[in-house]
Every structure is written in structure tokens, then in C-alpha cells.
Amino acid sequence: MEEQAQREQASPEVQARIRTSFDRQGLMGLLGARITRIAPGRVHIVLPSRPEVAQQHGYFHAGATSAIADTAGGYAAFTLFPEDTDVLTVEYKINLLAPAVGDHIEAVGTVLKSGRTLTVCQLEVFGVQDGRRSLVANGQQTLIRVNRPER
Amino acid sequence: MEEQAQREQASPEVQARIRTSFDRQGLMGLLGARITRIAPGRVHIVLPSRPEVAQQHGYFHAGATSAIADTAGGYAAFTLFPEDTDVLTVEYKINLLAPAVGDHIEAVGTVLKSGRTLTVCQLEVFGVQDGRRSLVANGQQTLIRVNRPER
Amino acid sequence: MEEQAQREQASPEVQARIRTSFDRQGLMGLLGARITRIAPGRVHIVLPSRPEVAQQHGYFHAGATSAIADTAGGYAAFTLFPEDTDVLTVEYKINLLAPAVGDHIEAVGTVLKSGRTLTVCQLEVFGVQDGRRSLVANGQQTLIRVNRPER
Amino acid sequence: MEEQAQREQASPEVQARIRTSFDRQGLMGLLGARITRIAPGRVHIVLPSRPEVAQQHGYFHAGATSAIADTAGGYAAFTLFPEDTDVLTVEYKINLLAPAVGDHIEAVGTVLKSGRTLTVCQLEVFGVQDGRRSLVANGQQTLIRVNRPER
């Protein structure tokens, strides 16, 4: 059981690397998003509801939904990369299945296929209201591993 | 020439309808985006550079790039709809072609096909630095026309 | 157990409707594809390997892989539609994850979200060699329900 | 004018390389597709109408439409690659904009962005009837350059 729990968390080094990177993303701070789980090949990001992340009818804006989905997928890929590398989104496709409503939305990025150069992730976003989750968006993303840019 | 210029602007009613809707989008205000052109079947949205819309390396975040692309496409579709209708994004796909850098980025949404129920738009995002534009993202979007929700 | 098995097969009427439609698809016959399972919201299509469905290196051609994936998704949506309707693919996106090799490939279309007008399906294609299955393609598809065209 | 025409054709070496590869694609032969133009960064493929490439209503099957679109994009990318390389489709997304009807359909693949590793193409498919062309599908494709596999 404990072993199970350990396997479900990325190593402290990977977690630290991702949290440091996440904190440098101005957009995530501006939106009010936070990482809630970093497992090998899977990352969760939560975004609380507020008018500043809404569209004209008060639902979460597709742009906010997509932004945390894209970021969750990127870090999910990143959990499986060696230390001196970086990740870039090549492309993604997302279906907005239902109006995104709730106390918060939760994006889950999951690695489907991890290759030497390219990684493919599944993207899911759930609307969460009073603990009930429903799928509001579903997507698929391609990422590329790059050597970390020189400083 | 004047006729040409007129054709290239949506009617005052359509422009007003779109600006009113845009101003209600909390996310567009939060990002600092603004609509710069509303033509029939084509809408431009500009987002100035600042750390709050960046990713970890200082480029525009793919989520910000996508958010204004999605919005530009949505309003481009909306310019061709009757008054008592509304538009929802069904899905979109976007390729991030190059790091999005510049004084600002400019999203251009253009209607490719306008049907009774569904509209398909092309999405382009340009990085603009000192007046030089280069394509940084390219996508395709499907939208659905819906009756305006009751109030 | 029997109830379970019953639920996992579409009704005889739905199965007949889909097999009749499938048999009218010239392309499926030309490729040599056949439907192997019709469950509510899920359809399987199998395509045996032969040089006529390959690309230049002898793998299954992405076009053949996509054709059976698109068709499996379309019929998966169709299993949930009323009798006097029809289904059209609006769009799909597919990632070719690995070279498609095997005795045959098997496409599985699964309904993710079934709405009044639009249905969204997940598309998976497996390469099968000596009974071992590996995922070779993964996609997402949007479909629209239409009234059956007049004759 | 002559210079213009020259620029619009790929070199004889590139054309020969692509025609040889195309002739090895069993699926293109099975469908009855042929390459009609090979320019740097742009390739056209034509598919004549016949029942064997149709879906259940007699229109071109989305799988056939996609197959020639994917192939046109792949060879468009290939025209810009060095001799000892090969191209693989990473993913594509295609919108079926209208029923694909006509004497034949014509797919045009055009390179949007050619990078060291990845190339992004626009895919267009036109239905052609009595010389009149109308856009029936529009897509976007990501490809990867690989070293030619050992023999």
C-alpha cells in the first residue's frame, strides 16, 4: 500500500523541478492555477472559479480551460524526461464537451506514448461542484523534448 | 476605395454586439487583450507582452496564444450570425510553430466555412516585433450556432 | 452475466442497420475491412494486412488506419441515434503513435459524449500480431446527427 | 515567366524520388490515386470517383479524402528534405466541410513551416465537377523527418 502510494508520486527531484518551472509561468499565477498532483506520466492542475477566468456567460473560458490542460500535459511529459531537457508543446486539439462550470476545474494530463523525441498526452478537464466531477473537455497533445536552452 | 473600406468593416450593430460580448469576457480583461478589427468573417485580437502572460522561458504561454486565437475565431463566426443567436466553440486544434515572442501577439480568426449549424474557422497568431510579423501559431476551429440563452 | 453480455451487444435492429450501412461503403469493401463488434457506444473494425493497404515501407498506410478509425467512430455514434437519423463526420484528429504493423489492425471507436446534435468519440487503433495488441494510433472525432436524406 | 514555371516545379531528382516512393504505396494504387503536381513545398494528388472509394451515400469516403490529403502533405514536406531522409506523419486533423462529390477530388498539401525536425502542412481537398472546384475538406498535419531506415 505504501509502495503503491510511493509509485504514484514522482520523485522529490522531479516534483521540485516541475514546481520551480510552474512558479515561473506568469500565466498560471495570473489565472490562479496550482499544481495539485505530480505522478510519473500524470499531472493535475486546478483552477478555482472567478469572473476573471470566465467568458461572456460566466462559464470558464475555453482559453482558461485549454491553458491548464496544455500545461498539465506538458508537465506530465516532463516527469518522464531526463534532467537536462525541456519540453515544448508542438500542437494540441481539444473538444469542449459541455459548459465548464463548478467551484473549480481540474485538468489531468496523462502520457499516452513517450518516445525519444515526441510524447503524446491525453488531456482531460473536469468541472467540479461540491465534490462531483464531470468531464467538460477532452483533448490530445503532441510535445517535443528539447535540450535545455543555454543561459 | 471607400466602398472597399466599408465592406471590410462589419456593420456598426455587429461591431457593437461583439464589443459588448468581448467586454463581458473576464479572461480577456485579465490577460489584457483587445479587439482591434471586426470585419465580416474575420476578427483580430491583440495581446501585449508582459510577464503575466508568459511561460517559464518568457515567451507568450501557449495558453494565452490559444485563448486569443479561440476568441478571435469565435467572434469571426459570430459576425455572420443573426442577432438572436450565440456561438460556442466545439473544438479546436492549434500548432505552436515557433516561440511566441514580440511586443505583442495578434490573433486572426477567419471563417473558412459558414453553415447553418456549424462554422469552421482558420486561426492564425503572429508575433509582432517593431512592426515585423511572423506566424507563431496556426490552427483550425469548429463552432456551433446556438439560440441565445434565456435570461 | 447473461444480462452483462446482452448489454454489451447492440440490439439486433441496431446491428442490422449498421451492417447494412457498412456493406454499402465501397471503401470498406475495397480495403477488406469488416465490423467485428457492435456494442452501444462502441464499434470495432478489423483490417487484415496486405500490400494493397500499405505505405512505401510496408506498414499499414495512415490513410487506411484513419479510414477504419473514422468509420468505427461514426458507427459507435450511430448506435445511440434514433432510427430515422444519420451521422456525418465533422472532423477528426489522429496521432500515429507507432508504425502500424501486424497480422491485422483493429480500430475501436467509443462515444465520449453523446449530445442532441453533436457526438464526440475516442478513436483507438491497435496493431495485432499473434494475438498481442499494441496501440498504434489514437484520435478524437466530432460527429453530427442529421435527418436521413430523402430518397 | 519561364523562371516562374521553373520555380514551381521541384527538381527532377526530387520528383523522381517522390514518384518512386508513391508507386510503392499499395494503398494509393488500390484507391486509384495519382500525383499530378510536385512543387517545392506543395504536392497535388487526384482521386477519380468510383463506387469503391465511396461511403454509404455515394460521396467520397472521409477515409479516402483523408488518405490522399495525408499523402499530399507528407510528400509536400518531403520535397524540402535532404536526400537521405524520410518523412512520417505524426498527426493530422481534418474537417470535412461538405459532402465530397465530383468527377474527382484533388488534395493539395502545402508546407506552412519547415523545421529541422518537424514540418507542419496545410491540407486542402477540393471536389471537382466539370472543372469547378469547391473546398470539401481542410486540415493541418505535423510530420517528422527521420533518417532513412536501414535496408
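Here are some notes:
Per-chain numbering from 1; labels A, B, C and D assigned in written order.
Please note the rule applied: a contact is a pair of C-beta atoms (placed from the backbone, for glycine too) under 8 Å apart; a residue touches a chain by one contact, two chains touch by 3 or more.
Nothing here was measured: the structure is a model prediction, and the numbers come from that model.
Shared contact partners of subunit B and subunit D are A, C.
Relative to subunit A, the most remote chain by averaged C-alpha coordinates is D. Averaged C-alpha coordinates put the centre of subunit A at 34 Å from the centre of subunit D. Once the centre of each chain is set as its mean CA position, subunit C and subunit D turn out to be 24 Å apart. The mean-CA centres of subunit A and subunit C are about 29 angstrom from one another, to the nearest whole unit.
Within subunit A, the positions touching two or more other chains are listed as 90-91, 93, 95, 120, 140, 142. Listing the residues of subunit A that touch subunit B in their complex gives 21-22, 24-31, 50-57, 61-64, 66-68, 70-71, 88-96, 149. Taken in their complex, subunit B has these residues touching subunit C: 90-91, 93, 117-118, 120, 140, 142, 144. Subunit D makes touch with subunit B in their complex at residues 93, 95, 97-98, 112-113, 120, 122, 135, 138-140, 142.
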